[in-house]
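Dropping the structures in below, format is structure tokens.
Look for subunit A in each of the two complexes below; its partner is subunit B in the first and subunit C in the second.
Presenting the complex of A and B:
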């Protein structure tokens, strides 16, 4: 269905963008609130959950080559149930996208332009997403390839540059919390890492598949390292408790940067570069939902669904939460349940188990 | 029935013949009659009411000849030579000996001291040749005519490049004459694989267009696509190569140039060697090359003639300058309006102090000054040379100094716009991108005025996505960057020395990817080197 082809590197880069962009703003705060200075350990533990997701989606993709997640759902569960689950997945993609748009808008509103209503940011960003998706998967995957370099460079700069304020003794005592507590906290971070499951929608568009399992695992682990580095840096600068109380530890970290006492307030630039990443994340989810919707309902083309689904995503974003505390609450308590423990890991795992017991021969007939 | 069949057959043969291809395929075919009077009547009727055409009749040994040409398109001295050859040098006996039908052939073979002649049997073609500034000679009793290429159109000599000057590179540039232009290219690229195909495009203008490509480098698919697009053209007149560009480029509406036009033969040759094709259009001093990628428009010919490490620095400077040219006014407005905190504190005071007396918001201020700059640019191109000094004084003194003194604009803004303007002209060779930048700058300025840095980021991203979606004859426009091809950044992001750039761009060149096998320069391996540079050991790599 997707006419364009992307390279394996483009998919890996896209996944890094998807995994890192919102996680880097929200995960440190939530993790530090729960386990203070041990947050960075949970970031690595989350990678393990992420790798599990990767393994499941790769196994499914190997079993049904050339098909997207939505396309092999009916083959595994039977047509009616498969379609229902497909529709649920589309709703999940849409709602994830809506949450990301909202995070994007709230973040901009708080940090950059407090007088501008959030609706402005939502509408402009979704309009640009619509334009990007109209140009085709190939195109925005390509642009992401360039911009990821800039984004990663900025993140590294933010991690390293506040070095004169760092006190690494704040990371002690190490592993002060019980393993159960750490694992429980890691599920939160892992809900972002598990978004790698949307690779299942992109794999059929790959020009080749050989290195993709390796690439995806590397992406997940790399993102784990970056998030952990942000958490270490934030805890070293602010201390574990304070990091948990900050609205956006990453942003506060960026504010600590001062180059030669002249360039003091570079956080705006940093925010802007990272927001470019968020843009691609919204693109990815919007793409998944339109492609998925076309496949569930059996359309030949997905482009014409782009406009209605963009508007739908916008509407969802506008009505999801009443404010930031509402959203933080959602991210802490509901998000792991809707993400990691359903769409990202548990459902695909069950799918795979069913697929194993369901002989492929029958699949070929249907 | 048989005649009809023959006619169709002949038509097919004519289309397949090696001459220039007319686009769109043209006239009705009409055979030359053996009677000169009929042919003359036909031509006179076709060229009725034209005062500058010449029908010259003369007789050699009672055989009637008719020469037709347009006055001024054929050199007087040359036409004198033709008539001298025909009237005085033909032995009358020999002319009368041969059969009537063979007379044209005889003259062509033995008595026309001109390098390019051909025998024509179709009246439509004769008409076209006359229109394309050739001389046509008809012989009585002979069912074929002679086309004599004695063309000598008014033209200017080869001059220095005007738009793309170079410091150390070659200093010749194309002219309006297609033959001079192809000669300039061919003289630099003496390769039998440099193929050329002629097209006659334009129903009314009958403009000669030559497609050039190096057969064993260029991607055959791209060349075929170029042919297809050329033969798709159906228009009445081609006046300049830019008309061809507009008719065959990939995207109907885009700010960015997807075909490069250049006035430098060296650039065209370099492009041909990278597997591109070139289109030389008669009457235009700009030669088109494609497929073009974005980075090309940020390069200049000089990059390849100076020290590569310096070229690297200059290219970095140019990447900075396109950023400044497009973004600086927008960023200034965004900072002053939305993000004061980003400006270093000492600077924020001076900017605020300067802005204090200015009544307008920063955006209108910037827009005002930018439009004045655009007006100056436009007027300095259009104005008659005699009044140039007046505009200079008005532009520099009144608009710059007085606008600041009368508190219409802030002095900081004048500097910002000036830097942006300077950067605009330090982009690479070619004018096309500099023109696009003007519009992009305005768009980004507006975005910065409305949504601050967020707006600028969003607009830049939109432009980036648009560019990444462009293609030039199937080649992605943003090529070595998106899709990322690390190997090719050698000659795009920076510039490696020539021996290091071993491959042609893979997406453009179809075959024969390797372009350079020279080993890296190295000092001679043994110690006695400096004493005798002529010894065989040191000339291992073909001498110096």
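Presenting the complex of A and C:
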């Protein structure tokens, strides 16, 4: 169905963008609120969950080569149930996209333009994504390949530049919280890392598959390192308790940068990261939902679904939360349930288990 | 049609290029450079009194000033570059919003440098007074904070012809003189970190209005004989209530232990042939660490080890001595004992007013993780009675460009 082909590198880069973007803004706050100075450990633990997701989606892709997640759902679960789950996945992609749009819009509202209506940001970004997706997967995957460097560079700059204010003894005592508590907190961070499951929608569009398992695992671990670095940096500057009390620890971190009184007020760097990252992340989820919708309902083309689905995503975003306290509450308590423990890990895992016990031949006949 | 639509589109686009939707000319802004927060009485209830020192950008931009004033000095005659405004309210924000009735400028907090809290506000607990500054998007966590003995508003209202703005003067002191003698610059993030630990006591430098040591005749005539100065440190309890002040000597001891000493000079007595002379030393580097162990009585015992290197800055006397290595060794010992005395004074004071300003509790938490839970709940009762031993190691690196004072006789060379 997808006419374009992307390279393995492009997929890996796209996954890094998707995994890193909103996670570095929200995960430090949530993790530090729960386990203070040990937040960075949970970031690495989340990578383990992420690798599990990668292994499951790769195993499924190996079993059903050339098919997307939505396409092999009916083959595994039978047609009616498979289609229902397909529709649920589409809703999940859409709602994830809506939450990402809101995270983007609220961030700009809080930090840069408090008087601008939130809707302006939401409409602008979705219009941009719509335009990008119209040009096809190949195009925006390649743009991402170019722009990811800028985003990562700014992130690294923000992590390193507040070195003046860092006191690494604030990271001690190490692992002061019980393993259970750390694992529980890691599920939150892992819900972002588990978004790697959307690779299942892109794998059929790959020109080759050989290095993809390795690439995806590296992406997940790399993102784990970057998120952990943000958390280490924030804790070294603010201390564990204070980091958890900040709405955007990453943004506050950038505001602390003041080197020799010349490099000052660098929070614009953050907005660059946010703009680039969110754009591609919304593109990825919008792409997944349109492609998935076309496949669930058996259309030959997905492009014509773009407009209605982007409007639907916008409408969802507009009605999702009342404000940022709602969103933070959602991300703390509900997000792991809707993401890691359903769409991202548990459902694919069950799919794989069922697929193992279902002889492949029989499935193909039906 | 294919050409008309893009053409129309291009014609519409320039409308967006006006770009002045939310424009704010610099002359419309009142740049807050310093804020003073005091506790005030509001109809029997406690409220907030806020005093803002605001820069007037019109006066500060030289080009405009020259054009309007014609003098070319950059200052419009009769206009002051800084002014203050004071308001009261239930919260800091409500006090600030009340100022809108009286000032024609949009207050901009992005350039705020210093926040000064009054003694009364500090004693009642600083936590409520900190929230607005951390929450605000324009204000920053690297603002410096200070405590004033008496009303904080007085500090900003003080007229200072030389520095123009007392807030900016304080900012410069904090930026350049941090770690000199007993000066400790504390920014908001630092203060809040210590509050967040729940066991370590936050610190803030104390600002006072004191008489100028020397004033020009004109200043004396105008009655401008006061200036602002840093005088010691204020120690808070972990809940953010001001407990008491550290004097200069205790502050200096504190800085050694906190590893915040940057440019410390000390003067030590030197006996040459029964005559007391003085030698000034300047610290070049210093490092301090704390070791914790469990004592016989089950309480933690602390060992503070400080190392420092000094340069000889001045020998105020006429006798020989500095060419003699044994004299230098003596100086080292004297310097070490003076450091020990200072640190001891700081420890004693902090135990006396029960404020763990050194972060000893945190050190237990880091070094004796297993034992910490049993102290955690009672740390405030334990802290005043813990045993602290101090060890100082000093070295004298150089004596700058002179070996001996000029004119010192060679007779004593054989000593």
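Quick notes on this structure:
Here is the rule we go by: the second predicted complex is superposed on the first by the 361 of 366 C-alpha atoms of A that agree within 3 Å, B and C clash if a C-alpha of one lies under 4 Å from a C-alpha of the other, contacts with A are read in each partner's own complex, and residues count from 1 in each chain.
To be clear about the criterion, contacts are C-beta pairs under 8 Å (C-beta built on N, C-alpha and C of every residue); 3 or more make two chains touch, one makes a residue touch a chain.
Treat the numbers as computed from the prediction; the structure is a model and nothing was measured.
Once the two complexes are laid over each other on the shared chain, residue contacts for A:165 go to subunit C alone; subunit B is not touched.
Of the two partner chains placed by the overlay, only subunit C lies in contact with A:238; subunit B stays clear of it. Comparing subunit B with subunit C, the partner in contact with more residues of subunit A is B. Of the two partner chains, neither subunit B nor subunit C is touched by A:303. Contacts of A:110 after superposition on the shared chain: subunit C is touched, whereas subunit B is not.
Look at A:178: by the touch rule set out above, it reaches neither subunit B nor subunit C. Of the two partner chains, neither subunit B nor subunit C is touched by A:319. Contacts of subunit A with subunit B, set against its contacts with subunit C after fitting on chain A, overlap at residues 265. Only residues 338-339, 341-342, 344-345, 451-458, 461-462, 464-466, 468-469, 476, 478, 481-484 of subunit B touch subunit A when the two sit together in their complex. Within the complex formed with subunit A, the residues of subunit C that make contact are 22, 110, 137, 140-142, 175, 187, 189, 192-193, 196-198, 365-366, 369, 372. Touching subunit B in their complex are the following residues of subunit A: 7, 9-10, 108, 112-113, 116, 120-121, 124-125, 128, 131-132, 135-136, 139-140, 142-143, 145-147, 262-266, 268-269, 272-273, 275-276, 279.
For subunit A in complex with subunit C, the touching residues are 110-111, 114-115, 165, 169-170, 172-173, 176, 237-242, 245, 252, 255-256, 258, 261, 265.
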